[in-house]
Every structure is written in C-alpha cells, then in structure tokens.
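Below you'll find the structures, each written out as structure tokens.
Shared between the two complexes below is subunit A, which pairs with subunit B and subunit C, respectively.
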Partner chain A sequence: MSWGSFVRSADEMLTLILALVTGALGGRFDARETWQQLYLVGVRSLPIVIVTAIFAGGISAIQVSAHVVRFQAYDAVGWGFGFVVFRELGPLLIGLMFSGRVGAFNAAELGTMKVTEQLDALRVLAINPLNYLVGPRIVAMVVMMTALVMVGNVFALLGGMLTAQVLVDVDPMVFWISLTDYVRPVDLFNGLVKAGLFGFVIGLVSCRHGLAVDGGAPGVGRAVNQAVVASALGIFCFDYLVTAILP
Partner chain B sequence: MIEFENVSMGFDKAVLNNITFSLPTGSMLGLIGQGGVGKSVLLKLCCGLLEPNAGRVSLGREALTGQSEEHLARMRQEIGMAFQNTALFDFMSVGENIAFPLRQKGGLSDIEIDARVLDCLTRVSLPTIANLAPSALSGGMKKRVALARAMIHRPPFIFCDDPTAGLDPVTSSRIFRMIDEMRTQYGSTCVVVSHDTGGLFKRCDFVGLLRDGAMAYFGPTQDAMSHPTVAEFTLGKARTQ
Partner chain C sequence: MSAQTRVFLGNMAFVIKKMMGRKKTDRASRLRFWSALNDVGINSVFFIVITLGFVGTIMMLHGGYQAARIIGDSNLVGPQILPLMIRQLGPTLAGLMVATRVGTGMAARIGSMVVTEQVDALRLSNACPVNYLITPSWHAALVMVPILSIFGITAAFFSGMLTAYVVFETAPGVYADWSFVSGLDAVEALIKSISFGAVIPLIAGTCGLSTHGGSAGVGRATTNAVVLSSLAVIILDFFIGALILGLR
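Up next is the complex of A and B:
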C-alpha cells in the first residue's frame, strides 16, 4: 500500500466515523435493521464461537499443564488458564473467527449491494445507507462481539477444566478455587474492552471496504480479502494498545 | 417540470456536454442514444445521485444542484426510479421491496400498505409473488417488480433506466403501457431510457437523442422521425463513436 492510498483510506475511515457519530447522536440508525443485525451477527455466530472457545480453553490448559507437572503447582492451573484466556486468548481468537465469518460476509454483502446499485436505490428512496446499513451493523458487531466473548469465556472455562482434569488430574474444584482466588475482575474487564474494540474495528473496516468496492465481482472479492487482512491487523494493533494502556 | 440548464458532466473524460432542455409537467421523455453515451448518467443527475460539473438541474421549481444530502433526501421522496439492473434488495422479499418506500415514508397502516402492494403487483400482472425472493424471479419479472417499487408511492417524477432491456416484445409493450398508465393516472413527469424505439415512441410525448455527449435532438415525438439525426439512429445508420 502506497502512502497516498494509506492517507486516502484513513481519510475515508475518519469521514465514515464522523458520519456514524452524527447519525448515532441524532438517533437515526434504523431500529428494525439493528435488531436484525444483532440476531444475524450474534446468534448465528454462537456455534462457531463456542467451538473456538472450548478449544482455546483446552489449548491453554495443555500449555499450562506442562509447567504444572514440572513444578508440581497444581493449584496454579486455574490462575494461569484464566489470566491467559480472559485477558488475551479469548478475545483474540474469537475476534479473528468473527472477522472471518461476520466481517467477510459484511464486506461481501455491502460490496455486492454497491455494484448492483442497491445503495443508489436506497439513496433514491431518501434513505441514507450509512444510517440504514452501516450504523446498525457496527452497533451489532460491538455489542455482539462483547457478548460472544462473555459466552466464550464460560465455554473456554469448561474446556480448560475438562482438559486439566483429563491430562494432569487437576480436580475441577481446585481449578475453580485457583481461578477465583487469583484472577481479578479487571482481567475479565480487560478482555471485554478488547472484545468491544475488536467488534468496532471489524465493523468499521468491513463496512468501509464494502462501500468502496469498484469493478464488479472481482472488486467484491478484493474487498473481502482486504477487509479480512485489515481487520486482523487492526485487531493486533488495538490488542497491543489496550494491553499497554490498561492495567 | 424537469429542467437542465447547460449541464456538463464527466469523470475521467467528459460524458455530457452543455445539455439544456425543459420537460413539461406530466409529459414523458423517451431518451435514446448509443450505449455509453451518458443516458444513465443523465438519469442519475435527475435523481441527484450525481452532481454536475457545471450547470443546473431542477425538479419542479427546486434546484437539485448544490443541495445538501438532507435536502436531497427530502426531494427524493418525490422521485421513483427503476434502475437498469433492477437494484432490488436481496435481503427482502418481493412484497417487502415494493412496500419499502411506503414504510420509510410512514403515514399508512400495514393493511393499507399491503393493499397498495397487492394493487401494484396486480398492475404488473404478478399478483401472487409477494413472498418470493428477488433471486427466484426471471429478468422480466424483476423489471416489473422494480417498476412497481418505483411507482408505489405515486411520485411526481419517474425515471426508468432501460426497463425493457433483454425482454420479449410482449413484456416490453406491457411495461411501456404500465408506465404510461401510471403517468396518466398520477400526472407524473417521466424520463424513460430505452433502445426499443418502436415501443417507446408510441408512448412518449418528447424524444431526446444523445450523441457524442450532446443533446442532438430534443422535441415532440411526432417531429422526431422527420429529423435526420433521429431517423438515422432509429434506422441503425448512426455513425459510430
């Protein structure tokens, strides 16, 4: 990406944010579309998030278990697991899954609407596509990404407990006590802040790339590709920033 | 009334050059010209979807040019447009697509809206397809549904971008008749782009021929065929660009 296109892209993103803030403050987002997006983005993502979370929990427990056996620190499994999953692994893995599933779909849908003149049709019907399509999608992604990470944490916990018991014979009660004794609410909060931010980044990036589609079907393909790559980069950048700033 | 005053429009190169015409209220303009000459651009200028590089476009007594997006949104409530590739919303059923302009405008109950949708679907001879998805329709059916959506709110200005492209003569003739009926019934001012000059000339009051970015002919339909440029074009003898 050249500096010129980077600056143009940043300018478009800021313009989009400004228009969305104006729309949100004016209460202009379409309520019915927002509810529909909450369902499409959230409820439909639940199965894949649950599977991801269970595996994320299991993997964390496996990684921690090697050191637990080495140092005989069985009462540290819950703490190690909770710290890693709640603060980092949960939001990050679910964010990347969410970007692949929801972000890619969103960029493809908006891009197709653009090339088939459906966005122009909305404008002719006196409807601002930003308030009708983009705003509700971003709101849904922020809300549902946060909710999905909360649900994911529960299933990651189950996956972690089960793996710890099977692999290193850590009693679930010992796991739970270690988790609740050492993992602080701020660790959980940290992860949820990241989840909300990741949802915003995925929403903004996928909508921007969808709206900027040019050149028919190949253009839609390019937009989806760019949206997924840019979302992943955005997720890592914000992850770094939040980790550095928050306690 | 639709007025173009010295309108020029271009992207990388000039598309329309110094277009001037005035279409009286309640009349229909048949816009013809070779592919890529700027007919769709002219229609988009009529809806305020594009802003001209120079000149002024007015609908009724109000200028479209230089207005804010909020003001344009208010003006567009008076517009119905059928797009070239129909632009039906994939995420809605046919019935929801047609009802959409009325639901957004407000002021009517669900029962009234459903009745208007059924009326519109009956007019386009498709009374039983309200629950189907647009993807389940043929090209001709999509065109008729797009027309129904453009007309359901009985707008004073109707723009149709090639509503008969790729259709059989029977369906084409039915579509022209429908546009004409709606115009007569609601007094709408229409601009219709089409390559089916035979069908179009039977219904329209005025003909506009775009050539090389300029309005080569604009005048009453009855005089059009005696104009050498129009005659040349309709007989397929127009020089290539």
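Up next is the complex of A and C:
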C-alpha cells in the first residue's frame, strides 16, 4: 500500500465518521433501516458465532490444560480459561469471524450497489447515501458485535467446560469455582469494550471499501479482499490499544 | 442438508479429484507455481509479521499484568507464553490471516473469472480450470503456511521480548527461557500449519469456482471463502490440539 492510497483511505474514513456524527446530531438516522440492519447482522452471524465460540472455548481449554497438567494445578483451569477467553480469544476470534461474515458481506453489498448505480439512484431521490446506508450499518455492527460476544462467552464457557471434563477430567464444578474466584467482572467488561471497538472498525472499514469499488464484478471481489485484510489489521491494532490502556 | 451445501460439497469433491489426478508439469505450470508462491508467501509476510507482532505484545501484557496481580512476579511469564506462541497462537493466527488474505483473494479472482466467462474460455482451450487456478496455490500454501507461521512466531517472540523489557523490565535473557518448550510443541505447530495450508486454498478455490450471478455473486463467494476457511482453521486447530494433548 502506497502513501497516496493510505492518505486517500484515511480521508474517506474520516468522511464516513463525519457523516455518521452529523447524521446522529441532525437526527437523520433512518429508524427502519437501522432496525433492519440490526436484525440482518444479528441473524446472519449468530450461528457462525456460536460455532466459533464453542470451538474457541475448546481450544482455550486444551491449551490451558496442557500447562495445568504439567504443574498438576487442576484448580487453575477455570482461571486461565476465563481470563484468556473472556478478555482475549473470545472477542478476537469472534471479531475475525464477524469481519468475514458481516464485514465482507457489507463490503460486497455496498460494492454491488455502487457498480449497479443504486447509489446514484439514491442521490437522484435526494437521499444522502452516506447517512442512509453507512450510519445504520456501523451502529448495527457495534451493537450486535457486543451482543454476540456476550452470547459467545456463554457458549465458549460450555465448550471449555465440556472439553476440560472430557480431555483432562476436570469437574465442571471445580472449573466454575476457580473461574468465579479469580476472574473479575472487569475482565468481562474489557472483552465487551474490545467487541464494541472491533464492531466499529469492521463497520467503518467495510463501508469504506464497499463504497470505493469500481470496475464491475472483479472490483467487488477486490474490495471484499481489501476490506477483510484491513479489518483484521484494525482488529489487532485496537486489541493492542485496549490491552495496553485498560490493564 | 440444503441443495446449496450439496452443490458445494460436490464441487469440492470434483476439485479434490482433479487435484489428485496426474498432470503434466511443464514450464508454464512451474511459472504458475512460482507466482503462487509469491502471492501466498512473499505478499503475506508483511501482514503476518504485523498482526503476529501485535499478538506477542498483547500476550505479554496480559500475562505480565495477571502474574503481577496473582503471583507478584512477572519474570515467570516469558517461559510460560513461549510454548503457547509456538504451538497455538503462531500457527492458528497465521492460518487465519492466510485465510483472510489469500483465501479471499483466490475466491475473488476465480469468482470474477467465472462471471466474466474466462473460466469457460479455459475449458474451451482444453485447460482444466482446477489445475490452472487452484493447484498452484494449493502447492504454494502447503509450502508457505509453515514458513509464514515461523515468521509469525518470530515476530511474536521479539515483540513480546520488547514488551517484557519496556513495560515489565524483564531482561531479554530471563524472557527467552526455552526450558518449557518441547519438541512436541514444534511438531504440533508443523502439523497445524501444514493442514491449514492444505484446506484454505481448497475451500477458497471451491467457493470461487461455485460463483454464479454477477458482482453480487462474486461478493457472496468471497464472503463464503473467508468464513468457511476461517472456520475450518478453528475446527482443525481444536481437533489437532486435542490429539496432541492426548499424546502428552
């Protein structure tokens, strides 16, 4: 990526943020579109988030167990697990899957609307595409990503308990007690802050790449590719910032 | 099972059959392999080093704060997170990043070739689309994903070391204590990264070839590619991890 394209992309994202803020201040949020986006984003990604969360829970339990078996510290499984999943791996893996499912879909949808001139049609109808399309989408992604990580935490916990029980024979009650003893509410809260920020990054980046499409079907494919790559970079970057700022 | 799933599985079986079949290697196919190596490997190095570099820092911060809170000494963290980086986070996140970058790229490229009828043109010229478009990337990913994982692990190692030194004042020599890393960790990393390399191009290529319906179709195929190949990475990671845990 050259400096020119970097500056252009930053400029376009600032335009989108500006449109979001002015739209919110001026009350130009289309309520029906927002509800519809909330519903679509949630419904579209719920199954994939549940599957990801169960396996993420299982993976974390396996990796924590490998440490625990070495030190014979069976009552630390819940602590290690809860901390890793709620704070780090849960939001991260769910965020990456969300970026693939919702972010990529969003970039593709907006890109298709652009190449089939539907955005121009909106302008002809005196509807500002930035207010009408971008605002509700970003809001829906922030809200739904947070909600989905909450749901995902529950399923990850189930997956982790089941894996620990089956593979290293840790009783679910022991698991639960060590989890509730050591994991603080602030760890859960920290994960949800990450989730909301990831939702914002995914929404912003996918809208930007979707609206910047040109060149027909190949352009749409390229935009989706760039959107998921940039979202992943953004996710890791914000993950670092939140970890460093909120210990 | 919906009709869509059946079509997808049928296509995947077709792709596997074509890839396993005998094919001649000539100069053109070798060139395609080299360009796929470049696309999968060289072009992903920067992306993987950046993302895994963040991961190393994040792990060290988490581990250090937790150790300081519960044990009161963050010097023990380095030796504990090194095996985790090698057997778990390095290969898995490198695999997810390859699925994100290379998988979507393949699906987007092949999908747009399908809707612009370039794949039909290939068939007309008696060139097998699978061997022409997917096999080179498949071979390249088998070679390159393990190498990229090594790059990623190295990046995470050094960024973790830097964080340990700057934030927790742990000497690099104390951080880089390899006594908890066993050969089995390296074996686990290798098995994981090779299997990720094997499934990502397969799934992404199948999604690309299954494209239909203009630019909306290309968008759909690309979305499916990233979702299915990331999910495959996570599920494989779970089962390989469970298998190796049983061997310990």
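We adopt the following convention: the second predicted complex is superposed on the first by the 247 of 247 C-alpha atoms of A that agree within 3 Å, B and C clash if a C-alpha of one lies under 4 Å from a C-alpha of the other, contacts with A are read in each partner's own complex, and residues count from 1 in each chain.
Operating definition for what follows: a contact is a pair of C-beta atoms (placed from the backbone, for glycine too) under 8 Å apart; a residue touches a chain by one contact, two chains touch by 3 or more.
Computed from a predicted model, the values in this text were never measured in an experiment.
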Based on the superposed arrangement around subunit A, label subunit B with subunit C as either clash or fit.
fit
In the overlay, answer first, second, both or neither for which of subunit B and subunit C A:207 touches.
neither
Once the structures are superposed on A, label A:127 by its partner contacts, choosing first (subunit B), second (subunit C), both or neither.
first
Once chain A of both complexes is superposed, is A:164 in touch with subunit B (first), subunit C (second), both, or neither?
neither
Which partner does A:53 reach: the first (subunit B), the second (subunit C), both, or neither?
neither
Using the touch criterion from the header, give the chain among subunit B and subunit C with more contacted residues in subunit A.
C
Check: subunit B-subunit A-subunit C angle from CA centres, nearest 10 degrees, reads 100
Is A:233 touching the first partner subunit B, the second partner subunit C, both, or neither of them?
second
Quick check for you: in the superposed arrangement, does A:116 touch first (subunit B), second (subunit C), both or neither?
both
Could you state the shortest Cα distance, in Å, between subunit B and subunit C after the structures are superposed?
10
Which subunit A residues contact subunit B in one complex and subunit C in the other?
109, 112, 116
Residue set of subunit C touching subunit A in the complex reads 47, 50-51, 54-55, 57-58, 61-62, 65-66, 70, 80, 83-84, 87-88, 92, 96-97, 100-101, 104-105, 107-109, 111-112, 115-116, 180, 214-223, 226-227, 230-231, 234-235, 237-238, 241-242, 245-246, 248
Spell out the part of subunit A that touches subunit C in their complex, as residue ranges.
48, 51-52, 55-56, 58-59, 62-63, 65-67, 69-70, 83-84, 87-88, 93, 96-97, 99-101, 104-105, 107-109, 111-112, 115-116, 163, 167-168, 182, 216-222, 224-225, 228-229, 232-233, 236-237, 239-240, 243-244, 247
Touching subunit A in the complex, subunit B uses residues 44, 47, 49, 69, 73-74, 76-77, 79-81, 83-85, 87-91, 100-101, 104-105
Over in the complex, which subunit A residues touch subunit B? Could you list them?
109, 112-113, 116-118, 120-121, 123-128
